[in-house]
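Both complexes below contain chain A, partnered by chain B and then by chain C.
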Partner chain A sequence: MPLSVDERWDLIDKISKQTVTFGAYKHTLKDAIAELTVKPLTGIPVAIAVIYGFWSFFCDFAGTLFTDGFMVKLFDEHWLPWLQSVFPGGLGNPLYALMVDAGHIENGVLVASDTCFESFGVLTSGLFVPFGVVLWAVVAFYLMFAILEDVGYLPRLAVLVDTILHKIGLHGYAIVPTFLSLGCNVPGVTAVRPLETRKQRFLMITLLAVFIPCGAQIGIMQDLVPELIGWIFLTLAIGYLGFGFILNKIVPGKSPELVMDVPPYQMPMLRNIASKLWIRTSRFLLVAVPFVMLGCLIVGLMYLTGAMDWLAAVFGPLLMGWFGVPAETVAPLIAGFLRKDLAVGMIGGLMEQGIMTTFQVFTSVVLLCIYFPCLATFVMMLKEENWKEFLGSIASLVAMVFIYGGLIHLVGIMLGVA
Partner chain B sequence: MATTEEILCWIEKGGTLDELAKVLGMSKSLLVARIEFLVRAGYLSEIRSGNGCGSCANCKSCGVPVPGGGDTGMKMYLLTETGMAHVKNEKR
Partner chain C sequence: MDEGEEKFGQIYFAVLGAVALAFGAAELIASAGGGFTWGILDSSGATDPLFLPWRAIILLSVGFFYLSSVKDFAEVHQLAKSVMGSIMIWIVAGMAIWSRIASSIPGEETWFNSLDGFLASYAPPYCPEMFLLPFSLVIVYYIFKAGETEK
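Right, the complex of A and B next:
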């Protein structure tokens, strides 16, 4: 009489018990660490410590050591004055304004910029943003990310956040594209492929495109508004979870449960980390540098032709009335289509000129994060989603920007800071 | 010894393989063998994900050997339509 599947497994179990001798398994330190980092009671404090360490390294290595220690001095004290002295034309000349320094008005007089954030030329801001600030932030981020990947910590983080992410229709694995997007949204969008259902991929791509700032943007934010960055992250996290919860209720489809097989911890290999760091950083440089320089050129041309003033006049009432930010924010919002880091840099320039209040800076930076993905992410979304999903993502994005942006303004009014 | 239906019902609830092995009172190696059988039988689907870079567009052409990554990274199992129907029938 043939045996059923379960009876066969029973038989296999009996045979293996009679024929295989299992030695006593000794728990190693690696096992103990593996258990501690996956159980919520101990795993959550460890996760907080890991993220804090990650952030401290990111700020100290990229912000304090390289950007403030070397690059700001190099660009503001040597490169900018040198270009201002040798580039033909001088202040007020259109080519000089595009390439070196557009200057700014002080007491009705056009004056030269003191910093590369303010100057907004292709050869000044266009080089300072990618090489002076963002490159070091990207290197710091990808170095830490590669170490966490190779050690095997990310799957444990996935298990820890699994319960929370189920509330928004995702599961623990979604932490991988989310984390990856904190470096760059483009590989983050690609990393949603292992998610099982179209619903989950749609939710993940939409949330990534709206609420996850990239490493370049974080690097600039950390440099320009370090005192606001905690509030900015908190606002984005609330938006990510809140709108994720709403989208999960609205979007049809399934979000099935799954079981995960977590790999053991490993010693990271230097060669792997170096290779990954090189691949990711070089890809960033190839994409970011031309886009930042192009962004400077387009924005400069728009200023020179008066197109920016026209756009500011058209969108100013909406920006001021609904979002509570000045009409001048239209320029960073346009630059943000190309590169968000460049756009945050422009807000820094406006801040240094005293055009914005602290709350307006906060709102503008959050708006920049959420209002539209950068061009590279936009292209990747087109590639990864079908037309229906893509239009759905864009519609969700527009709705989220207006609702959340307006809500932030409302909170500011209620607190008396807007 | 847990039945196929029990294993599928627990997988539907989510978690990790280690937790599942403890709950079902079997060794992890036996559970993995049973899960691999269920994948072949069409009740479960297996999703492999490298530690971040495994899902990269350049993964196949990338020569970087990733410890715990690529094909040997995090594995996830979920119920297929057949598996779900089986669980549903069992619950009835």
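Right, the complex of A and C next:
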């Protein structure tokens, strides 16, 4: 027999008397620390220290220990020379150029590459980029991300940045997809689903696709241009906030508040961290490796057939005139559609050949970040947005690239470095 | 926490806070002027100039955290400030140690470093946070004390 409303309330009273303890709650040390990390005055210095730790670990683990310490030696001193000596055909042979080393021109002579960044073969750059550089960057990133997630710091960071992100039509939760995108844009785009309105999802996806470099790209940047990486991030952050502010004003729709549950701090569990790290890294590699190798193959074929020279001739004036980068940048920009990390690696190759100035390297890397999402992110955008939103994202993206790319060039001219 | 322990904590973290502030100010000046090395103290930012100004900001914050915790030190919200300051030192010093570990394992020309090269990686000079690290560990005692009080 069903209970009446009064009987139900009586039952609730009885249960609560037996299960709930009433009294004044006294704050513990853990509560007090949790409070300190969400109040702006104390939370911001803590956030700086956490991000400092995150970044230091990332640089030393991926850059110093694995990539520079072991992988560069393995690929440049052993793998590349071995392939150069045993692969049939030799320099100038089309298959050799595609698979091992396309070489480069020095004083009118075609010479062999010294590094896997320069060689651009499927078996050299195609393996070095994902396994020599990107893998370690991704492991370092996801390890730290999982620790912060499991400790309970990320929701607090969300509370801390809530006010700033409201200015661009988002709320604190947007820090999660943003942070996740710093590992890989694909899960970052998926993570926008909890945002309430279509406007917020549109804003978030567009900003992620344009201004957030993935862990792979950051790993290569850290390896190639460590002295510029701070400026690159600053430029991207200004773009993220500036264009976010403008898009928020232009795009119709609502940006409601969000009530978030902030869990207590807790000790991370090794098993959880390990399984998260394994799932995210293996998924990343499954996506990255085929695309990097395919990218090397396509770019190599375009060089061999002369398509790249044709594209460089067509787009060269635009690249030089509007963005202030050399026509040779067209090849990385094409490769960047498949994998941005590969494209940054190509810029490294151009840099080593002395084709670009420091400012051009900086502009090219920023352009690579903002000009178009990689193919995997592109597919994910198609999945997460309807056609109207997708076309809107692409239109915003094109406008942002031209405006921001042109602005960077202009600043360079005014400073006398472009 | 008894009165003696509270008094000791107040004096200790006031001094540590002042030292952290002084180191932070020195690092801030160093980051503007290209850095310095003084005996076994290194604020040159030779390995990572990008990190130097951020380290300075963190150290200054640590100093403020410690100093602001001194009044009514035994109260849990005040103690939390000292704990947070110490955690921030552990993060920065921990990363400085991790950086040395990471660079000490691979060799210059060989796969692995020689024993001499390995040991040389841990030789001074050290950054200010590494000097503060052992002194910041005193907070562990107060964390245990606070845990006992909560029980």
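FYI, the second predicted complex is superposed on the first by the 394 of 418 C-alpha atoms of A that agree within 3 Å, B and C clash if a C-alpha of one lies under 4 Å from a C-alpha of the other, contacts with A are read in each partner's own complex, and residues count from 1 in each chain.
By definition in this document, a residue touches a chain if its C-beta (ideal position, glycine included) is under 8 Å from a C-beta of that chain, and two chains touch if they have at least 3 such contacts.
Everything numeric here is computed off the predicted structure, so don't read it as measured data.
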Joint occupancy of chain A by chain B and chain C, clash or fit = fit
In the superposed arrangement, which partner chain does A:Phe57 touch: chain B (first), chain C (second), both, or neither?
-> second
Go through the superposed model and pick first if A:Gly253 touches only chain B, second if only chain C, both, or neither.
-> neither
Should A:Pro40 be classified as contacting the first partner (chain B), the second (chain C), both, or neither?
-> neither
Centroid geometry (CA): angle chain B/chain A/chain C, rounded to a multiple of 10 degrees = 80
Quick one: chain B or chain C, who's touching more of chain A?
-> B
Contacts of A:Gly230 with chain B and chain C, given as first, second, both or neither | second
Thinking of the overlay built on chain A, is A:Pro317 touched by chain B (first), by chain C (second), by both, or by neither?
-> neither
If you've got the overlay open, could you tell me the nearest Cα approach between chain B and chain C in whole angstrom?
-> 16
Contacts on chain A seen with chain B and repeated with chain C across the two complexes | none
Interface residues, chain A side, partner chain C - complex = 26-29, 31-33, 35-37, 42, 45-46, 48-50, 52-53, 55-57, 59-61, 64-65, 68-70, 73, 226-227, 229-230
Note: in the complex, chain C contacts chain A through residues 48-51, 54-55, 57-58, 61, 64-65, 76-77, 79-81, 83-84, 87-88, 91-92, 94-95, 98-99, 102-103, 105-106, 111, 143, 146-147, 150
In their shared complex, chain A is touched by residues of chain B numbered 1, 3-4, 10-18, 20, 26-27, 30, 32, 34, 37, 41, 45, 47-49, 51-53, 55-58, 62, 64-69, 72-79, 84
Given the complex, residues on chain A that touch chain B span 5-6, 9-10, 13, 16, 22, 38, 145, 149-150, 152, 154-155, 158-159, 162, 166, 171, 173, 176, 179-180, 187, 190-191, 193-194, 196, 256-264, 266-269, 272, 275-276, 279
